[in-house]
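Each of the two complexes below includes chain A, the first together with chain B, the second together with chain C.
This part shows the complex of A and B:
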């Protein structure tokens, strides 16, 4: 434990030198202009884009941006923001300047992502099976057993093909030309892939000339890859030609557009729980021609709402008996029940050890150095340096319940200090990373804004599939590091250049 | 296809058809109300529009009296009236949103744009703007129907949209006849008078059949011929006979595709046979009002049978 704290502290100094809150954007690595302050000159991957940006007038960007917005609104790509009564359907702001990655950068990420997701699946099979990693002291037992996302119902329950996380969204941030970190593993029901696809669609409509001058790797095969992945994990008792359905909580869910979009592209039924019923441990959907057996369910409903007989009894979104059918091996749920534990922020801190233990390799993608506030030495360090750190609630998501030290007021800092002392187990802390910036079209013109990247990793019985790129999220407010759409973030098209 | 998907397609078609119907009723009423009293008659035409296109009890719980302002508000904009044009478009769009995958892009685009657009309107608009608004509503429904015809695959999804609009049309035509049957009494009762003439032509306008009437009958407007056109004439898109030809045809297509017939096929073909074997004079002998009341009951029975057989 002491050793790990020391190692983390050394890392912090490294990063803090670059990032001290104010002026973070100047300190950050800019993906177009190279080092801080554009000192390194335009990077080769961005040369074409840089030239093109210089040739266009501000009016050109303005008209293109409003055309993009019109496109998104007309096709109905909207999301709902919880607690926002006024506008129940909003657009995620779209930035028309793409983010560019080179082939070598992407190959590196791709190898790292495959390794990490392989380890995640092995870890889940282990903690719900023989628990070797607990016995070997890789992760503390109480972190698993006392974790609200550990599903006792899944202990010693084999899942088809031993795959738990069929669809993962791994959030990656960049701080330098060669430095990428994994910020979060989203292993429950990661969303955003529809934006990856629609952003590309709208870019190709608006800027055909840009695509003519760049060899941009396509992403449009994602639905095919997803369908192949889902069909590959059909349970042994299932149909030879598997029936796949996408289970949505319904049209009031914030990601409903994405659910219907994906079902359409996959060519599978978009079902709500009321369209399904369970008889003799088999799941059927109600169709105009009578009951049809369902073999694989891509569910976009959280564990706790899935089956009112097993989890929350007040859930109206769930399907009574689906867990029975699941445990009887008659239906595959993607993702599996109980994957929440692997995207838990406390478990995250053990990922380097988990990767080493299950793959026998050193992790290709590093974690952001992280203090586990559950450890007393780490806690006192965090309390002493709160104004320089980002503190996250272990079970929070979507940017809620998070403190960005350098941007916080005295009162917010005091409040978080109290929270930390009261329940240290609930928090982790990370240095304020100088997230890389990309040129972004904002009110004042083209300016650098911080970005992250969410690639989507598909694990099937046959192979792991990743389409090149992912969803780039951008913090549109100057200096802001929070990219979540619920907190005013936007998105960009992400280009992986083939040559 | 999921039963819920079929249900949403059926109801989105019903509601868009209803939006068109309410717009036509309002349009004809505005026209009738602009005539001098001696042509339009003593009765309150807004009261009559309300009786055809709305729920009069609900109206009376919300407003103190039926006049241009209150009926316009209730039938076109009121969120409290489930059949107001605004609600029809919202419900149709909600149904569409939950079954996006079963619609073509064009249909979704039509409905979603209409839904975005209708937010701009409320009852404060002038008479002229209101009449442009009614034209717009009719165009939206035409566009949606056109998109369905031109872009949908000819499979069960398309057939359920046809069922929804045909059953709604039949119900709408029946509503007009039910409220105005007293104007359509046979020749022996009372003929002519400019007052009745404008009432009859209003009925024809409500079903956009004024020109069609002249083409079919080649004589001046006679009440029993108006009834014949709306009930028995298979050429008339909104007649009972044509609606039931559509219903029978599409229910048969569904039964063939699914390899099974049921109560809805039986009821629909029974009603069509009855319409085909009846003359307008026989309808008047038995009582127009009774005939229409029976038809409405049969039409509702068909709706329940379709729901039970396919939509749940």
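This part shows the complex of A and C:
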């Protein structure tokens, strides 16, 4: 334990030297220009794009940007913001300068992602089954058993084909030419893939000349890959030609656009719980031709709302009896119930050990170095260096939020210090990472803005599928490290260059 | 003691329901000090009744009817032989390690007020068992029995703030406080034979079990301020009321419903005499 703490500390020093407060953007690795402040010159993958950017007039970009906005308005790609009554739906800003990954970079990420998701699935099958990883001391028992996202209902419950996370959105950040970190594993109902698809479509319409000069790996086969994945996990008792449906909480959900978009692309029914019923532990969908058995449900409803007979009794979004059908093995839910335990922030800190234990290999993708405040040595380190760290709450909804040390006031620091001492188990801490930047159109012209990447990893009974790239999110505010769309983040098209 | 139970839950709907489903935790199991001699569960309507254990090891039935029903009742009748084990519960089905019972749920998470209460009550109690006994007395003392204010969805925090509630609320407060003291604790739903000779009751009973090192699970009944005795018939356990609820149901159609519960808990002996 002492050794690993020391290693963490060294990592922190390396990163925090680059990353204290205001100067983050200058200190960050730039995707186009290489080293901090463009010191390394334009990276080869971006040469064509860089030249092209220089050749166009500002009017050209302005026209194209309004065309892009028009496109998004027309297709109706909007995003509902909770707690914002004035404008309940708005566009997520789209930036027309793509983020580019080279083939070797992508191959590396792809290998790492496959390994990570394989480990996540094996971990879930284990903690809901024989629990070898607890017995071997890889993960502490109390971290699992006391975690509300560990669904007791799933213990010793086999799921079809032993796959739990069919659709994962693994958030990856970059801090250097070869340094990628996994920021979090989204293993519940990750969203955003519709933006990945729409961003590409709008880019191809607006800038066909760019695609003529770059060999950009296609992403439009994502719906086919998703459908193949979902069909591959049909339960043993299911139809030979599996019936798939997408279960949405309804049009008031912030991601409803994506639900209807995906159902349309997949060619499957978009259903709400009221369109379904359960009889003799089998799920049926009401159709104009009468009841149709449903074999695989891509559900975009959280566990807690899924079945009022088992989880929250006040849920009107759920389908009473669906858990009975699930437990009887007559329907596959994607993702499985109980996957939230694997993307919990406290469990995240054990991912390197989890990957090693279940794959027998060293992790290809690194975790962000993280202190578990539950460990006394880590806690005292965190308390002593609070102003340089990011502190995150692990699970639950205590409303404690998150602390970004370098941006926090004295008072916020004191307050967090108190919370940490009061309930150290609830927190982890990480160095403030200098996320890579990518040139982005802002009011003043083109400027570097911090980005992350969410690739979507599909795990089927047959294989793991990943379309090249993913969704690049960009923090539009200068210096901001928060890329979430609810916090004013935007998106970019993500290119993986074939050559 | 031989306890005889007759429990009927009747639903009257404005209009016939089109379909209904219920998850029933209404069947006790045997353990040391509790032997089920006879038990019968009868839905009044035709339907599909399937027995299965839930994750905690409770005997559970799933009932589904998909034809119109406007008057539905569930009848439970049975006879259980019990012995006083001074509250210690052994020979139960255990599916999870004790750690699970340290978990907070929406109904049992401790407010700042309950945290302070737990600390104050347990302060100076040498061992967990005496802390639990103090907690039992203090919960009983602090919260006034009142059937008006709370309902099945009231949390421990809200009941404690109001200082009022029924056996379910007292149990939730006890659980929240015990878990604050790092003592695994769980909700028990069941029946209680009253000591005052009153046999007609309005509802089933609820109490808590806490895990005491060296002793095992021990029953604490804060509504009656006693450890469990041979007057308690233990039916189901869980993290809170929702997990051990005797009936959880859902239906389509039916409009408003009227609920009518009759419960008689008596000694078998007394019944044969009358």
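The rule is simple: the second predicted complex is superposed on the first by the 494 of 499 C-alpha atoms of A that agree within 3 Å, B and C clash if a C-alpha of one lies under 4 Å from a C-alpha of the other, contacts with A are read in each partner's own complex, and residues count from 1 in each chain.
What we mean here is this: a residue touches a chain if its C-beta (ideal position, glycine included) is under 8 Å from a C-beta of that chain, and two chains touch if they have at least 3 such contacts.
This structure is a prediction, so every number in the text was calculated from the model and none was measured.
A.B. asks: Of the partners chain B and chain C, which touch A:380 in the superposed model: first, second, both, neither?
C.D. replies: neither
A.B. asks: Touch test for A:145: chain B only (first), chain C only (second), both, or neither?
C.D. replies: The answer is second: A:145 touches chain C but not chain B.
A.B. asks: Considering only touches as defined above, state whether A:63 meets chain B (first), chain C (second), both or neither.
C.D. replies: neither
A.B. asks: Which holds for A:275: it touches chain B only (first), chain C only (second), both, or neither?
C.D. replies: Only chain B; A:275 stays clear of chain C.
A.B. asks: Touching A:287 in the superposition: chain B (first), chain C (second), both, neither?
C.D. replies: Only chain B is touched by A:287; chain C is not.
A.B. asks: Quick check for you: in the superposed arrangement, does A:308 touch first (chain B), second (chain C), both or neither?
C.D. replies: So A:308 only meets chain C here.
A.B. asks: Of the residues on chain A, which ones does chain B touch that chain C also touches?
C.D. replies: After superposing on chain A, no chain A residue contacts both chain B and chain C.
A.B. asks: Looking at the complex, which residues from chain B come into contact with chain A?
C.D. replies: Residues 1-6, 94, 97-101, 105, 108-109, 112-113, 116, 156, 160, 254, 258, 260, 310-312 of chain B touch chain A in their complex.
A.B. asks: Please output the residues of chain A touching chain C within their complex, sorted ascending.
C.D. replies: Touch list, chain A to chain C: 141-142, 145-146, 148, 152-153, 155, 277-280, 308-310, 313-314, 320-321, 324, 396.
A.B. asks: Under the definition above, what is the set of chain C residues touching chain A in their complex?
C.D. replies: Residues in contact with chain A: 19, 21, 23, 48, 55-56, 62, 64, 66, 95-97, 99-100, 102-105, 153, 242, 248-250, 252.
A.B. asks: Report the residues of chain A in contact with chain B in the complex, numbered from low to high.
C.D. replies: By the definition above, chain A touches chain B via 73-76, 250-251, 256, 260-261, 263-264, 269-272, 274-275, 285-289.
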